[in-house]
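Across the two complexes that follow, subunit A remains constant while its partner is subunit B and subsequently subunit C.
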Partner chain A sequence: MHIDPLEKKWAQISLGICALFVGIIMLDALFHSVNAPSNVETINSATLHLSEEFAEDNLGVEVDDDGNIIVRMVAGRYSFFPKKITVPADTKITFRWVSIDVVHGVHIPMTNMSTMIIPGFVAEVESSFPKPGDYPVLCNEYCGLGHDHMWSKIDVLEKDKWRALQTSSKGVAK
Partner chain B sequence: MTELSEEERKKILESAPVGTWALMIMVGASMVVGWLFLYYGVFLPRGMLN
Partner chain C sequence: MTDIAERRLALSHMYVAFIAFILACFMGEYQVLERSGFISALDSPTVYFASVSTHGVLMAYVLTTFFIMGFGYYTATTSLKVPVWNKPLAWGGFGLALLGTVLAAIPLLLGLASVMYTFYPPAQAHYLFYLGATLLIVGSWVWCGIMIVMFLQWKKDNPGEAVPLAMFATTMNALLWLWTSAGVALESLFLIVPWSLGWTDTIDPGLARTLFAWTLHPIVYFWLIPAYIAFYVFVPKQAGAFLFSDEAARAAFIVLVVFSLPIGFHHLYMDPQQAAGWKMLHGIGTFVVALPTFLTGFTVIASLEIAGRLRGGKGLFGWIGSLPWTNTMVLAVILSLLMLIFGGFGGLINASYAMNAMIHNTAWVPGHFHLIFAGTTVIMYFAIAYYLWPILTQKPLYSNNLALVQLWTWFLGMSIMTTPWHVLGLLGQPRRISSVVYNNLLTLSWEPYELLMIFGGLVLLGSACLFIYQLFKTQFSNTSAVFTGEVEYAEPIHAVGTLPEYLNDIKIWNKVIGVLMLISFGIPILQFFFLDTYDSSAWGF
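Let's turn to the complex of A and B:
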């Protein structure tokens, strides 16, 4: 088969560029210990509402005794629950996601959040929000006819404002 | 448009395709630069998923 020399060179350059990109990714993964998300933690998706951790009252934002912020969210056709949460900006947040029905995905633009939520497993991801504002939470794994409408919202506040809100809501709760 | 003589036509066909090379290098380089910017400037600063 005859291939024009110029075309051959262009094909070599294209392959070289692909090899460069793959090489950079592999070396970075090797030297920075980057792995695929691997939190193998199982849960019974059929009885989430009866589980202690993902019962309705325990969903949303929780600050533990050490000050770590943990967000528990449930994905189900066709929404993420709770529909809206409020978290501080520029702070490490641990998200724990579970699904009540089928495989879902979660994507939060402008952050590292992009993972699958597989029924029977807890997807745990650490993330942070660079600046205050409204961030959409979108399903990025086709889950049924209402997939395009599956979203919720995260309201990100300045750290001080968030702390003040937490303190005042605790006061109201008491 | 002026007609090329056979000699001029042959000269063009046999000379190195400088314009094509320039275009290839520009496209290739801008793709590499764009990719490096997205990888090191956008993707990695957002943090790893482990």
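Let's turn to the complex of A and C:
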């Protein structure tokens, strides 16, 4: 059996390169909490409308008692509901996605707000949008012949504007 | 030894492979035109999605499986110098796989199976599609069995001798495919087929995706290994020199096969039904499987350098220029390695656990796999076909120059098509859309790239037609010249003496794979039986 010393050296260098990449990824995952969406939370997709959390009235943006922003969205052929939401820039937002029918995927381009939406599971993603603007929300898993048409909008406002809008809309409601 | 029966067997498989290939190439160019929206008469999601589903099945399952089987039979008989074991059985496998292909093609072409080649439930296609796909796989298992029997018989008849590298790699690939296809076979037999026939009402989409992910990664190595076999056993000889290291080649094949299996969750990074820890474990394994590719790059380039220097090349890079660039095998390996470097770089981004979120399911992904499969891998299928066709048909190749033009245009077309495809992904374009109807300014930035892709696709289609034309003209030429060449395998610089058993056997690696699969897939699959999961009913598309 014969392995050239040069080849051995190259194998060690390659191992080093791979270890470096894995090291960076693990550092980010374990110490900066940069993780893929993986909450393993089941839900019955056939009775979402009867569930507390994803009943129609509870969809969209919610600010909980601690001031955390939670966005609940339902994916179904061929849109994301509600069709338009408004969130503040530069703020941590927790998205919770469910599907009422088949497998969907959702991505907000140029951001890391990306997840698969598998029927039977809640997909939870945390993200924040540094730049205000009008972002499309696109389905990125083939879900049927109308897949092209499956999209909605998310409006990212500067924090102050968003807060002002919140208080004024609450006033209207009262 | 006359090998007319083996030649007919190999040729028949390759006919199916390349007919599927050329049909799918026409579909590909139609698709890139349709989705750009530049020709409104073409717009039709119904036709588009039927076409994409068929294109995927033909390229990923039919071209590959039949090519690998045909090439494998001929590699076995020429490297071991024995006839193919049990030829009636081999023909049976061929017939089964062909029947499966036809059965699946009917609903695909009728638009009754527009579920893509990944067919994620609960979207449901016609049951014939699933039955056909299953038969194709079962047919390929016959090939795996024959390869393993021939390998073991040869070892028994030649105790203590090293199994020829080409056969060692082919048998490792057969072992890989048995393990790989088990995931989708389980999905098919226990979930999809009964459900598509109406025997069960509901299906668990999370479990189905998990089982499919088992298959989804190693399957690309099943496709890639014939290209690597050509790198190691044909290229050095064709370049005029020796293989740098036979042992390192075996080690690369072993790591490739063993570690490509327990890492499928990098396709599920964005899925909610698997936990972060499992994804990280599979993520680490994904980087381990980059190792054999680093090693292969080194060994192949070292072999080429030796050839270049033997041919009088001098200096640090001078040997590159003195390589026989007009040899189809040598040209193909150079172009293949170039695409492997860029495609591999993209692959490292896909493999990166959390960074993957930026490009997951965007146009980047088909851009990536076209570059690495249709580029790196398929260009070697071309080179192998050019090499084998004269041997199998016993007629000289119609035109070497035409073959060189074909390889260059394939490389150029693939570069022109996949570079903008990657960019489109970075600009947020989702994959698998038939038109762009999003009312958003972002989509304006996509248009120039779509135009480039159409052009790249045209170059590729022209190149594909040249390839088929060449094979046709070679086989059906009226020339009286008889080609008498035989397959020549590269010799290693240092002759292989006795090998340690782990570099010469598959049994030990079969056990290692079993343990790794149990670790990486055991609990993630079992969880669906102790979690409170909710099944879905069937949905059309």
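Basically, the second predicted complex is superposed on the first by the 138 of 174 C-alpha atoms of A that agree within 3 Å, B and C clash if a C-alpha of one lies under 4 Å from a C-alpha of the other, contacts with A are read in each partner's own complex, and residues count from 1 in each chain.
In the analysis below, a contact is a pair of C-beta atoms (placed from the backbone, for glycine too) under 8 Å apart; a residue touches a chain by one contact, two chains touch by 3 or more.
Note that the structure is predicted; figures quoted are calculated from it, not measured.
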Checklist entry - After lining up the shared chain so the two structures overlap, which partner does A:V102 touch, if you call subunit B first and subunit C second: first, second, both or neither? => result second
Checklist entry - Touch check for A:D4: first (subunit B), second (subunit C), both, or neither? => result second
Item to check | Touch count on subunit A, higher of subunit B and subunit C | outcome: C
Item to check | Partner chain(s) touched by A:L145 [first = subunit B, second = subunit C, both, neither] | outcome: second
Checklist entry - With the two structures laid over each other on chain A, which partner does A:S128 touch: subunit B (first), subunit C (second), both, or neither? => result first
Checklist entry - What is the contact status of A:S38 with respect to subunit B (first) and subunit C (second): first, second, both, or neither? => result both
Next on the checklist: So in the superposed three-chain picture, is A:L15 touching just subunit B, just subunit C, both, or none of them (first/second/both/neither)?
Outcome noted: second
Next on the checklist: Just to be sure I read the superposition right, which of the two partners does A:M26 touch: subunit B = first, subunit C = second, or both, or neither?
Outcome noted: second
Checklist entry - In the superposed arrangement, does A:T115 touch subunit B (first), subunit C (second), both or neither? => result both
Checklist entry - Common interface residues of subunit A with subunit B and subunit C? => result 6, 10, 14, 17, 21, 25, 28, 34-38, 110, 112, 114-115
Checklist entry - For subunit A, which residues are in contact with subunit B within the complex? => result 6, 9-10, 13-14, 17, 20-21, 24-25, 28, 32-38, 110-112, 114-115, 125-128
Checklist outcome for this item: Residue positions on subunit B within touch of subunit A in the complex are 17, 20, 24, 28, 31-32, 35-36, 39, 44, 46-50
Checklist outcome for this item: Interface with subunit C, subunit A side, in the complex: residues 1-4, 6-7, 10-11, 14-15, 17-18, 21-22, 25-26, 28-29, 34-46, 101-103, 105, 107, 109-110, 112-124, 134, 136, 138-149, 151
Item to check | Partner subunit A, residues of subunit C touching it in the complex | outcome: 45-46, 49, 114-116, 120-123, 204-206, 209, 244-245, 247-248, 268-276, 279-280, 283-284, 287-288, 290-291, 294-295, 298-299, 302, 348, 352-358, 360-362, 427-438, 440, 442, 494, 497-500, 503, 527, 531-537, 539-541
